[in-house]
């Protein structure tokens, strides 16, 4: 494993994630019949934030470090994903490592949110935790079916060894749902609800720290989408050259993101209890899928 | 299908009915101060400098609520609501419009009066000439209130002398 | 600067500016084009959009807001006449004014609004960035966009202080007698409102100066009535009648 | 005698020495504790030496005074845990026990502590069922006495009594029955004899073991005693109870069902199922708690579920055999790894809760807050422990959970995958709970119970520091302990699993070919480097301006601003309210059963005591001044008054020392049980 | 029977109280003033308001006046109205208070809706309602000294006295109930467009109780108007009470003066006013619906609502010269006429609006997530709506069948046909539905008004307005009933102006709607009330004693120049 194999995907996600966000804003603007910001707007915002000196509500270390940990975790999660033929840090069972490292972004978000005596940040943290709690079983079932089907828990191995079956399509559907929820897209953005709790944890962040945190959250969304995209693209492109697979993955992620944004634009935000109820319903449905899968279909 | 206007990258005009920023036409303003009296937020001010004999009609469009009362009351049509609205600035001084007029100097005592040269001209224009002696009025118009009162008093004394032998 | 995150700071406004502010963010105006984004916490903001005349009750909270912002750039965008100078409410008893500014003065530019807070903050040693004044009551969304674009350096400043010496004694003389004009103007104000009255009157004066005699004037007026709006036509008729009555009554004896 | 055996003697000797050393120090509380724990620390250290030595030498058997011992990998795992926790608590306790100075009896505490530790060491090394039960009972008894240390609290007495009765009814009794059955079939109770006598796979035996060890381990639905008992004890004892004692039950389970009996698929499945239910219910209950130690106790239940899940899957696949045998070995190793890890982080968490209690006098999370600034080191240690139990990489909890997930998700069985899904979900719930645990104590504004306090003394920090560093070490270098953990499985199946190097942790033999081993250290490096890079590239100036907390403009007193522990996760808890309702119904049912059973138990004991009352009364006349405290724990007295009287009569030296009536009764009970056991043994 | 009680309801009141009603005066077509002793105020008011068979009785406004310069006493008037088809009646219950003893029995224990009114006169005039459950400061800023009453005639308006305060004695907020913490909402919260501080006492997400501090926008215009503004200028400040429903205030003010002064408004002007009021309602309702979507995180619907609304703004701009503060109203009529092309513009805009808005409503209501957020949320029961005297869509969604346009017709509404949508659910969804239906009704009203618009002048020629005349002006603003009370003064100037905006009556009932919901719902519930804090915090009361000359007419100019002493 050469160093560049890590550096390339890392810089890739760091660069593309904000652009993707910019594209999302553009798409949303189009749905809303307006011109919208330039595609690079999120980058402009980010650079502007990163160059700003923050104002800190506390000296607490967890508050200060959380954004960096979040960013590092999100980026680290990217290193176990497959990019075309390249998967920088592949190993058996890396799916769970991926999952937990992605969860670390949430953990940083939550701990930072609870690190202040502020009901806004606390509510954000609280909701994020409940969201994670309620979506985890769905995610688990999706992974379980994929594992049953592919006999592996290695991210770069699993997609290539899936056998077509009804349950696998449903499993990818579940995965998509889980990614959607985990990504905090409307209507599941209760944790960062701006009009309710002022972006939750981020309410108290400013300047550079805010920039880093926002970046982390964007990267997290991106890696989640990339995960989903890989599970869709890789099984269909066995034998393709690596660069082609990579381009297809990129296209798939873009397509998924556009779909996600369109869904986002046509929904109101669910209250956290409604979101939990919805996730539970999906979980119960997913148990049926698991049953189907364990029957070998 | 977006509906977003290209403004400000293209210039646009406000509709003709729009009550934009008011503007005082210095050619028409007679300095009567009707607008100052009518202005609800005191965006218009009349500042007399009796030393130098000038009157300033000051319009601060940063205070103006654009109700068009000044336009409504202006007897000469000097104050007009324009279609202009692009008046943002980092410097509040940019928002001030000053029209400086000359006050009439009293021919009797040499002090400045509290009305302008142009007010006199305008008043004479309106005056139904057939009912007044234009020349007398013209003469009186250049004398300040105090002197006028004095003149009247003197005139009264004169008259009483005449009628009371 | 390509990104301005703004926090809305209402210091006692009447809501008009707020609504226009919202309008500026919506499809027709879409301030997001310039990277403007309304944020929920002052911590995120590059700028505050201040509206309102700065009431005493909101003064303390507004101070908290600006102090909660990152020290740089802390731009203040004063939207609306109230925020620029206190507006129509400028010297009410619950309006915050610095003691030295008084409440009656005739200084200009007129004082009041967010400026009072900015100066207080600067006295306390808090860094505060530039203040962009966007007057209007309320400003049109275009005006707000213009102000922001000006801040971003996308457009030129179009306003400058104007100072005129009105030295001449020529005050203009309309084609009809000035006294008649003023009387007609007041009458028309009751019929059709001052805005249209001025225009009708102007039109009429145009016709008078074009017409050589009464017949031609009548023809022109008829022509005007047939072309124009019913209400305007009625007014024109009224003016003509009044004009002729006045004229025949010997108004122009001189 | 080998070095190993000598080390074992040294351990026992040191525990004995600690007892002897403190008995003369009856009047000096502090010194008794310091000296006693200094010796127990050495004992734990020798235990560690013994563990290492024995591991290097391989299994060995020996016998002392006719008691047979056998030390193999499985025993050593527990010995390892015991030695580490022993060291930590020995360092921690002298300072911590100041909290209980008003109760006096420092020497007695040391005696009980040493007995407790020694009994556990003996339980996991002895190789005869009867002696196993004897030490088992000694462990129960000494732990009971430690639990009711604060016996002047009504709630503590109640919790202790509940624990004691449950243990006798649901643990000792089934195990005794099982021993009886086995003896009737094999004619001996030596483990080696039992193992070689090919006992039939009687479901009854499995069931008895399941109940007997399950109730000790606190698995659902026999967990009800645990959330009361663990918080009742002093925190250092809680750490041992949660950290080690309930693990001894896992040892017993594996020892009995894999080594003595044969691993069985249905049994494995049952264990995994029980584990899953336990982890789900225990943790979801923990989610709701706002009492620090109660929360931790419920998590002990939950985490026990993880261990049982891993072990159960292990037993299932070991029984399945064939190509799955290696998988089973790893699954069991996963469970055992979690056992070790849980001992570390749960011990640490209890010690942390104790530290907070030590300084603030409360464990009500609602009344705490803002301690991070005041007790930074404790905060850090607690954070590590909390993240570790929540399974956050790169800490040890993650590694064992990672293994448990693999052993369930890769099992290709819908059921086990479902178990895994629950494990995954509950991992999130654990996280939620521990974020609450950590943030409610150490972050936010100062709670109402927090005064001007400072960090706890160095001794306490040292104890916690030891555990903290091991939490990190085992997370980053799981290869250090994995060979030991796979040993029991290998021993049963004869299949040895290649662990790879000490750096890596690929332990699940999968079909996922081509994937390299997981190298946690490398991954941690990546994480650290990325964080460092982010910090370096976008540094945070120390001089950044400070602002007030944003209250949306209107000042709010910070004491009223911010959620209290009880407010965390309200909607979610509301959503799973049905579970809590059902759970409490079940717990109530169990409680009622226990109440009924204890009534019967009391009647039995009373009959027993009536039988020997004549003897008792005769002797009791010699013991003067025994006062009955009618109305308080009357049953104890009814049962044991004869024996009490015996003690009174025969050992007048102890009289002024053992002035606490309830303690008397308890010690008497110990004798009673011991007598029963010895009688049985004699009969054998 | 007392003389003057020539109406069924008034007669009944008089018969019930007999001698205790000292005087009855019919001050306008539909307005009666009953003079009682201050100790009888509570009884009379609660009798009227709690008469079950009188349907939707309502405390419309309450005025306290410093009448010392005229009568040497303070006065209070409770204005009650009958609604919902019971008759076009306003009953004022008036009592005088001596300066030495400004206390009187509070009405609040009998009718909670009186709470704010009484707190306000307590703040501004120093009148003491006895047994009032909560006499904390309502209107004045926290740093205002105690015992200084700005509305008294002897208070100099150039004063702005201060007191030093610390954060602790800033305002006596209630302590959070056991087991709750404070979730402050505002003054600067993104979901509140205007400052206002809500102290939600929450148990996690759940709102257990609410305390609030409003009046961040109190601008104290009464004193400004008293000293600085002339009589006609008041129209413009009335318009700036509220940027959204300013026209309603201007019309209400003008109508009050017209009623007091007996000025006949030209019919055409009444129609123009009607059309402008309805246009204002259109933009206001669509705006509110959009903001509700925004608060629920449904940005697309928010954007589309504003897109659909924008042509209405353009229309207003072309009709009046400004998008918001129309400046269309003067006492006696209107300021701009509707020319033919302007009518055409209206028709064109409305046609487009009707289509687009119907589409918008359909698509928004078919968005499951949005409906989920609105349904059953923030329920205000009919009982609560009634006991707080709530008005407008907020009350209509809770089953109160009240609408000033129908119950007390003004302007041209008597000639027009329209429905009053009433829902019984009382939740956010019901409020949205009421507003959506009212949008269609408004379009229909404008269409009729344009068809029927008569000719003639748009501004009445009037001379003097008699002094000491009292009257009410009332308008159904987008948010409900606006009531303006005026008392004319000498020389054609006002003595007292009391504005009661619709939100003023709705606000106190908000805690009832908030309790039991979650903090996620709070912004949505608040938005669904469509609060207008600036209205509420308006200009309290405007007294115009000393006016300068209104318009310098040409005659005056001539006089100025030509009249020598």
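Points worth noting:
Which chain is which? They are A, B, C, D and E, in the order written, and residues in each are numbered from 1.
Here, a contact is a pair of C-beta atoms (placed from the backbone, for glycine too) under 8 Å apart; a residue touches a chain by one contact, two chains touch by 3 or more.
Just so you know, these numbers come straight off a predicted model, no measurement behind them.
Between the contact lists of chain A and chain B, the overlap consists of C, E. Under the touch definition stated at the top, chain B and chain C share these contacting partners: A, E.
Note on interfaces A-D and A-E: more C-beta pairs are in contact across A-D. The most central chain, judged by C-alpha centres against the centre of all protein C-alpha atoms, is A. The chain with its Cα centre farthest from the Cα centre of chain A is B. With chains reduced to the mean position of their C-alpha atoms, the one farthest from chain E is D.
Each chain gets one centre point, the mean of its Cα atoms, and the points for chain A and chain C are 49 Å apart.
Centroid to centroid, with C-alpha atoms defining each point, chain C and chain D lie 77 Å apart. Note: centroid distance chain C to chain E, computed from Cα atoms, is 26 Å. Distance from the chain B centre to the chain E centre is 38 Å, each centre being the mean of its Cα atoms.
The residues of chain E that reach two or more other chains are 181-182, 184, 187-190, 195, 197, 202, 204-205, 228, 236-237, 240, 303-304, 307, 317, 321-322, 325, 518, 554, listed in rising order.
Listed for chain C are residues 26-28, 30, 33, 39-43, 61-62, 64-65, 68, 70-71, 87-88, 137, 140, 179, 182, 189, 194-195, each touching two or more other chains.
The residues of chain D that reach two or more other chains are 545, 547-548, 550-555, 561-563, 567-571, listed in rising order. Chain pairs recorded as touching, per the definition above, are A-B, A-C, A-D, A-E, B-C, B-E, C-D, C-E, D-E. The touching residues of chain E, when paired with chain B in their complex, are 228-230, 232-233, 236-237, 240, 307, 314, 317-322, 325, 327, 548-552, 554, 557-558, 560-562, 564-565.
In the complex of the two chains, the chain C residues touching chain A come out as 1-3, 5, 26-28, 30, 32-33, 35, 37, 39-41, 43-44, 46, 68-73. Residues 7-20, 22-23, 26-28, 38-42, 52-53, 55-58, 60-62, 64-65, 87-89, 91-95, 97, 103-104, 137-138, 140, 179, 182-183, 186, 189-196, 229-232, 234 of chain C touch chain E in their complex.
Partner chain B is touched in their complex by these residues of chain C: 27-30, 33, 81, 84-88, 90, 106, 108-110, 112, 115, 130-137, 139-140, 142-143, 145-147, 149-151, 154-155, 157-173, 178-179, 182, 189, 194-195, 198, 253-254. In the complex of the two chains, the chain E residues touching chain A come out as 181-184, 189-191, 202, 204-205, 293-301, 303-304, 307, 367, 369-370, 372-373, 518-523.
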